[in-house]
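Both complexes shown next keep subunit A, but they swap its partner, so subunit B is in the first and subunit C is in the second.
This part shows the complex of A and B:
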């Protein structure tokens, strides 16, 4: 345990050292490779009000982060709920599988940016198209994982429940859904990952506050240190969220891989 | 929620006179045509029609411990699944307590080769599953699950999840779960086949004790002749596919204190084994 922590800390430190060394050679200008020091400076600048300027583009760093996280959480939440329902129906009803299966696969293969333009035309440039984009992006992984898991539930679990007096209509919620939970949790982690990779794209249009909007603005003014800061912020929060999801998974499906 | 041992004596006697299970010329051919056996209309799929069972006839009175033995692939598990209502015969009729079987139901408890406990429920909640579906109150459920967990020796593991138990303990829990709704018949499909030899022997002995205490009719499928002779008050042997009854005899051995050391045991085991060998060839 201690060893694992030490290894990880060592890895991060080594990367920082390499970054610092590369920047210190000044082979490339600050615009291409900002030094760790200037990124740290930007972290302080964007987190405080200074010279009458509040954070970056009028919002503190945590406000940018929270705006992005809120979109990710809402989009993922809708996507997870919708994906589970859709996956259950697709997995249980062959007719629906034949009807909707190809559609889900079609949407899954589309790059989210491809349909973002359509969403903007339909829903404008405020919050809704962003959250809807993440919802559409997060839904297919959950739906596919759920449908696969539902079809993979061993029929003896269903038979056991029926022999214990469970009614046919009780089977989907009482047996199939909990049986499929381990795979669904994997789908949820993938979905949140997809939402993460999509949020920056969603924030390229009217994305301030938001980490994506911040990165976009900084890019316009060649503020590479702010771009890097945005990347690190969104990445670090992603690691944290995934750790939380793993924890939830261990709590929710402790039998995973052992039954 | 009466368990068999709690029912009135005359009611039990009536059960025992009536055939608990009757099989009339039961045949099963699958692959030829689609038969919605599964819960969501899943059908057996096979390129060529397979004759699994042909003209199986038997009347099983209540209270018996019937062991069904035969070579692998002889259709003995299939026969059990027909009684459980997981599939329908393509010919003949399966009836339980005089009524044709149309699907699974709580009057027939099932124990599978794998325990198939619901992994998201504690041992107690697994045992209580069949009581909840029957609408038993919390107090009733508690009392009945306490009694059953005690019967199978799992009182200390009530709050644990199935994956925290050994294979033998999981199978005990599965037996308790199957007994909970007070089934008329307990159907067991090679329940001890996946266990190590020591655990298997211990569970065989315990099952004999449970059968004596509850008086439940048991249909027990096994590929072990030794197990069939040790447990069965009636031993049915099936031939290889298409499965037909090649031996059907009653035995008093399970009533003895220690069937294994009884002088009749080796002779009977040899006779049944010879029949199974001949039927498998």
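This part shows the complex of A and C:
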């Protein structure tokens, strides 16, 4: 345990050292490789009010992060709930599988930026198109994982439950869902990851406050240190959320890998 | 043990790669050498789709004719920020950027070694503030106004609000690209927008123009599309720069004397019918070489023009927006105007 922590800390420190060394050589201009020091300076600047300017573009860093996280969490939540329901139906009802299966695959292959302009026309420029974009992006991984897992549930479980007197409506909720849960949890982690990578696309339109909007704005002014700060912030929050999901997975499906 | 070696190897590899790639970067920045007649072997131009003389020069291939031994590459850019990045990378010799990105480029920390030898156009009626219901700027208090951030329109919007007695916090400004502004306007999500043609023309059908960039220019808030030339290139190939400037001047004169030919050329580049291209050209203020050398614009050697003052106010705006850490001295912008190069191209 201690060794694992030491290894991770060592890895991060080594990366920081390489970054610092590359920046210190001044082989590239500060615009290409901002030094750790200037990124740190931007962290302080964007987290405080100075010269009458509040953080970056009028919002503090944590407000940008919270705006992005809120979109990710809402989009993932709707995507996970919708994906589980859709996946259950697709996995259990062959007719629905034939009808909707190709559609889910179709949506899954669409690049988010390609249909985002349609969402803008339909739903406007505020929060709804952003959350809907993340929902559409997060739904297919969960739906596919659930459908596959449901089809893979051992028939013996279902037969056993029936012969023990389970009612028809009890089978999906009491038998199928718990058996499929390990795979569904993997689908959820993938979905949250997809939502993370999509949030920057969602914030290309009226994205401030939001980390993606902040990065985009900074890019236009060649403020690479702010871009790097935004990347580090969103990456770190992603690690944290994934760790929480892994914890939830261990709590919800403690039997994983032991059957 | 193995891990330590791996890490060390990784670090060495990284540094090695860094050294290699920066080596090629330096080679690129120095350009492809020169021909026997003193012209450069390559000339890399960054252009944007703006209906000014640059597109006439490109369409008529005048530069290729004036510099037959030079390999000329035209790369399209969508924003001045990207032109700045390409300039820093040493991948461009001459580029087009708005006055706002050029100000940013001339200021610390970028300090891009380039200068402004030419003003492609002064923005006129092709950028304007349109409102759905309001008839005066003060009526916009508390309303939602869209504009593409970091653009000349963004700068003009804040200048217009200030002029109308409002501050940035009195309204809600949202960052939208022109096509999204049109969608949001149609849906009724925004109350006003500061944007350019062709979206501007669509908005005018259902809205009212409150102020144009031409009005603001008359009040001293000039926005323009500028040429930037790498200082090293200008120093090494003065003849090529002179020829480049003369082609731009020729394009302005063609637009004035033979509008139909010029409009057709611009229309081909923009995929527009000539009459529409002609209308868009009319909305810009175009200046020939003599006018640009006047005291109002780039000026003469030793007597930098008033345009430096414009870039200085743009720097104050960027500072207030927190986009640059400090406002440079006004002399930085006076030296940023290539008045000598302009005078060499149009003597007498």
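Note that in this section the second predicted complex is superposed on the first by the 259 of 259 C-alpha atoms of A that agree within 3 Å, B and C clash if a C-alpha of one lies under 4 Å from a C-alpha of the other, contacts with A are read in each partner's own complex, and residues count from 1 in each chain.
Assume a residue touches a chain if its C-beta (ideal position, glycine included) is under 8 Å from a C-beta of that chain, and two chains touch if they have at least 3 such contacts.
Computed from a prediction, not measured in an experiment: that's the story for all the values here.
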Simultaneous placement of subunit C and subunit B on subunit A, clash or fit: fit
Partner chain in contact with A:254 - subunit B first, subunit C second, else both or neither: first
Which superposed partner A:206 touches (first subunit B, second subunit C, both, neither): second
Which of subunit B and subunit C A:14 touches, first, second, both or neither: second
First (subunit B), second (subunit C), both or neither touched by A:178: first
Touched partner set for A:31, first subunit B, second subunit C, both or neither: second
Which of subunit B and subunit C A:53 touches, first, second, both or neither: second
Cα-centre angle that subunit B and subunit C span when viewed from subunit A, reported as a multiple of 10 degrees: 160
Contacts of A:83 with subunit B and subunit C, given as first, second, both or neither: neither
Which of subunit B and subunit C A:166 touches, first, second, both or neither: first
First (subunit B), second (subunit C), both or neither touched by A:156: first
Nearest-approach distance, in Å, of subunit C Cα atoms to those of subunit B in the combined model: 37
Contact residues of subunit A, present in both the subunit B and the subunit C interface: none
Touching residues on subunit A, where the partner in the complex is subunit C: 14, 17-18, 21-22, 25, 27-32, 51, 53, 56-57, 117, 120-121, 124-126, 205-208, 213, 217, 219-223
Residues of subunit A that touch subunit B when the two form their complex: 92, 154-168, 170-171, 175, 178-179, 181, 253-255, 258-259
Residues on subunit C engaged by subunit A in the complex (per definition of touch): 7, 10-11, 14-15, 18-19, 22, 25, 79, 81, 84-85, 88-89, 104, 109-110, 146, 149-150, 174-177, 179-180, 183-184, 186-187, 189-190, 318, 320-323
Partner subunit A, residues of subunit B touching it in the complex: 38-40, 42, 84-86, 103-106, 108-110, 112, 114, 116-120, 129-130, 133-134, 161-163, 177-178, 180-181
